[in-house]
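Got some structures for you, see below.
Each of the next two complexes has subunit A plus one more chain, namely subunit B in the first and subunit C in the second.
This part shows the complex of A and B:
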């Protein structure tokens, strides 16, 4: 399987990378881990004139942690996320998503930025990030902007990132007080498969065993992009967590998703599993929140 | 246009001229004659092409040779030392963990990376460590036993 021909650039700094992207625009593709891009190029789905390697740029590989925020560089690898003790402690659902991605071999190459950049509706990293209300920082030669990940995906393979922009980091503001999140992905086997459905849920409580004051439920594989279960979230707010409440929310989430029949599963099955995973991820989230 | 890259493979330094669209797997097999890493799916699915890059096993079919510039690579050819085969290689032979052998180099590199980090892994940890390496022959059980046998010996 041959790769089409291209020029390879290896900028040493963010500034250099930005000016190359500014010059080439649509004719160039950024390459981080390459696990998505090279597979697509071998399948002859893409044939860019140039590849711009960014995985060795130090500024993109940082993990910056303070009391209030976690900043993850776009070229931070999925295996590093899976192994980070701080990520496990503060934003555990992201670590669970990272451990569910591909295989150990793939995780050692794959990056968080590449996972977001590839914009697959079944991807393992976005649901937890959206549930934590994470933001992406997009830079170009003319400046930078910050986009909420909830508004970042435009369709399969399409995002907010403009041809001259680079996703430089992901910012997660650590929520105050008692919060927790859960992520579950359902597939045919545990490693090396594409999800049938995946769900991440986030809740925060006003006090341990108190009422829910914010909630986000994110559903994958059931639409062109990840979907929020807005109505389900709304019935949670202002109420105390209970078996009945979560079952009710899960049922509403089931009605809010729009899966299609495909070779992986029927739409009816996917909807039913959205209900089950919504309930289970809410249980995990509340358990974690009460332990905080 | 070819680009010059420098990398270390099995403790030996190489300077090679490569095309930008050459994969690390093809560099190893066709330009350097290191055919231990196998070419299976070429899409990241099978793990037959696994090599250790800067301490971590990766699919060499999804790494460009130019991206391996400056890296330290270990292939299956670099696993034995002056005393002969690595204990895990011996265990694969003794436990019957090799049939056709196509998956073996990748399996051993994934297993070895785990043992280097965790000398006494659980069965679940072994299964997870080799979950990116497909085997069409052995049914995996003997491979798991081979890794376990090395860990018990300490």
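This part shows the complex of A and C:
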């Protein structure tokens, strides 16, 4: 499998990158780690006229941490996420997702921006980010806008990003008080696997061992984009965590997902696993919240 | 420890430095001046009639040097076994699977070659694609190969003893059906080759990533109509093969054809997708077995019926269909065995031989059934096996001679090593332990083509300074460590250090060796190397005896030093001569040093010229006389026992293998680390087949997971700690007592996992792989059944 021919640009600054994208639009593709894009190009699913390499632009590789927010540059690598002590401490479910992605070699190249940009329903990074209510910053020559990640994905391979835009960073507002999140992905083998289903759950409590005051459950691989289990979230809010409550929520989540049969697994199995993983991720989330 | 100086140790492999430094040359690293690149046109449909092939546009493309079809290649049929030569270089009448080769192009670069191949226009009349055994055997289904009605490529019906009579004497009768999935061996290096035909001399050299230079040489000679003396096949370093590279692939012939047309070297490579499309790995098997045992556990009778989904051509399949019956003859005493095997042609890539050829799924089916029987008898599974176990000297009902068999020792080693008695039936819910046994041939007793040929030859030649022994063998180092093994055997036999051996292998100019398949090289090439080394040594001893006027029997060589068994003669004259020839050299021996091999072999050279010897080996008359007796017959059999511990997540069906312990009787370990490496590799391959691996097709016959992302072999994280225990039973037919380890070690892996799953979760699963969904479903069905 050979790559199709293309022109390659490697801008040094954000401004340069934005103006190239403005000029080329649909005819160019941004390339960060290339772990998704190049595979698709070799399969001849894509053959853009130009590739614009952004992984050397310093502004895109920053990790900015304050008391209130964490800002992750779009070219921050998945292995850097997996190894960051602050991410592990403040938004552990993201680190879990990062560690589950691919192999060490892939993680060293793969970026958070590329993972969101590729918009695969089975991806390991989005569920946790959505569970933490993260936002994406999109820039173009004419300005910038911020999009909630929950509203960012439009379908397999499609996102809010316009042809002249670049995803520059991800912003996570650190929740107040007693919060926690869990992420579990289920596949055939223990690594380098395309997930059969994955779930991230977030909860915050009004006090340790208190009632749940916010909850987000994000389900992967069971729809064209990640799905929220809204009804399951609703029954959690205002209640104290309990085995029974979580089992109930898990059962509702199962009814909210819309998987299809494919060569990886049947829809019936995926549904059943959404229930198991929802319950298990809620357990992790509450345990973490109580320890805060 | 042993009395040996070189063998039976943990020797660093002779190819490690080159591989560790990235200096080992594989086909993909090679290039030649003026080299062209070849590309294939392969069928996009699974079954159809070729109406017309138009190559005009391809020929016109700039940079294209040759376009060939069946017209140029001719129609000489070939394959693996002459009993089933059912392939042509290119399709001329029908295409039979997605990937069947129709034409090829040579061009100045790969891009141009691929572009030109895509310009070849083929008109097809589509035929129904027969994608399953049922499709292919259905009344009125089209026939893939005219000679084989109902698409039965090969059929075996055998009975040893009397199955029905054995059943009548049985107290318990158990029947189960077991289904596996088509495999891909997923070796790291896709097949590739470079052909170089010299138009002036008409010599053809093919560099190829093959396990069998000798067989490839013969096929090239036959199909291209060249004298065998004009055809040379060289195997560079190989990124493994596992059996798939043990036949001739299309590129090997096509690159030669293109080189003959253009007079230039032509390189071809499969992409990973083409590796899958070419196939030739493990078949899909469906076994139905009925076993009868007495109340005391004595095995009385086995009936084994097997259907193999063969794909479009035979490849190794005729051997496979025999092996899937014959390899149940041992390692248990079984007086009555009936086998009915059917290999069916389908419109998919051909299947062939893969590690544990033909026996792996038969073993999985039966060893699970034996555990079910043990449970019904209220017997420990190990006890049942020990009760029926063969011992050294036993002969199976199908005439395999277990000239050494450390099966009992293997079982005891894994039993103790795993603390079986403490764990079996006593582990917490969700955790399980399981065991199984198996055995395998140590080299096919007969070549693939009928012949009286030697199976292996070797040449050893000393350098004129006597310092180094050069070992030439046509055997194939494919990553398994055979070069190191052969060098060790040569060093031990000659009595010199391993570092004084230089080995060259994998080249048909070095002699005849049938190659790396059926776990044959350690025993067979090992014999030839031993034979050559012993003759070289004898020549040196004889020269020394004459010079020193003593008997050759009184002299020996050890660690590069001449040993005088009785009294030491005065060898000062010899030494003087040696030193005189090396005036000014700084490493000459001093007066009271012992006489060295180096000095002795220099003296021998002065007496006789280059000291060299040929070694050779072929098995003695083996096995039974019945039809098919050749398949499974071997000079020796390796065997192993395994115990697996695992955890089943009952809510998700996910299995985690926690521990594996394997004891393998390899007769005698030439290189202990290589033996352990083969055991670990076998376990990993067995684990993959048990848990994850399956080549999947869409409804049109196209493979949908032809890559290593979706075809899932075990990762490092899936592999548990492995305890590998070497058992040595000293095989009388093996060099230094050695026999196989390369394939036998995979035999027990799958059933040991199946038996452990039952121990953990209470479910018997009769279909592979054990994906989370399949296990989950089995647990669900079991719970529902229990509830109702």
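One rule holds for everything that comes next: the second predicted complex is superposed on the first by the 292 of 292 C-alpha atoms of A that agree within 3 Å, B and C clash if a C-alpha of one lies under 4 Å from a C-alpha of the other, contacts with A are read in each partner's own complex, and residues count from 1 in each chain.
Keep in mind that, in the parts below, a contact is a pair of C-beta atoms (placed from the backbone, for glycine too) under 8 Å apart; a residue touches a chain by one contact, two chains touch by 3 or more.
All values reported here derive from a predicted model rather than from experimental measurement.
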First (subunit B), second (subunit C), both or neither touched by A:269: second
First (subunit B), second (subunit C), both or neither touched by A:103: both
First, second, both or neither for A:38, with subunit B first and subunit C second: first
First, second, both or neither for A:235, with subunit B first and subunit C second: neither
Subunit B versus subunit C as contact partner of A:171, first or second or both or neither: neither
Partner chain(s) touched by A:2 [first = subunit B, second = subunit C, both, neither]: both
Most subunit A residues touched (candidates subunit B, subunit C): B
Contacts of A:193 with subunit B and subunit C, given as first, second, both or neither: second
Common interface positions of subunit A, toward subunit B and toward subunit C: 1-2, 103, 190-192
Complex contacts: residues of subunit C adjacent to subunit A: 110-111, 114, 271-273, 651-652, 654, 656, 691-692, 696, 704-705, 709-710, 712, 714-718, 771-773, 776-777
Complex contacts: residues of subunit A adjacent to subunit C: 1-2, 103, 186, 188-194, 196, 263, 265-266, 269, 272-273, 276
Subunit A residues touching subunit B - in the complex, by the definition given at the top: 1-8, 10, 31, 33-35, 38-39, 42-43, 51, 53, 55-56, 79, 102-106, 108-109, 190-192
For the subunit B and subunit A complex, residues of the former touching the latter: 1, 3, 19-23, 42-45, 47, 50, 53, 56-59, 62-64, 66-67, 69-70, 110, 128-129, 131-133
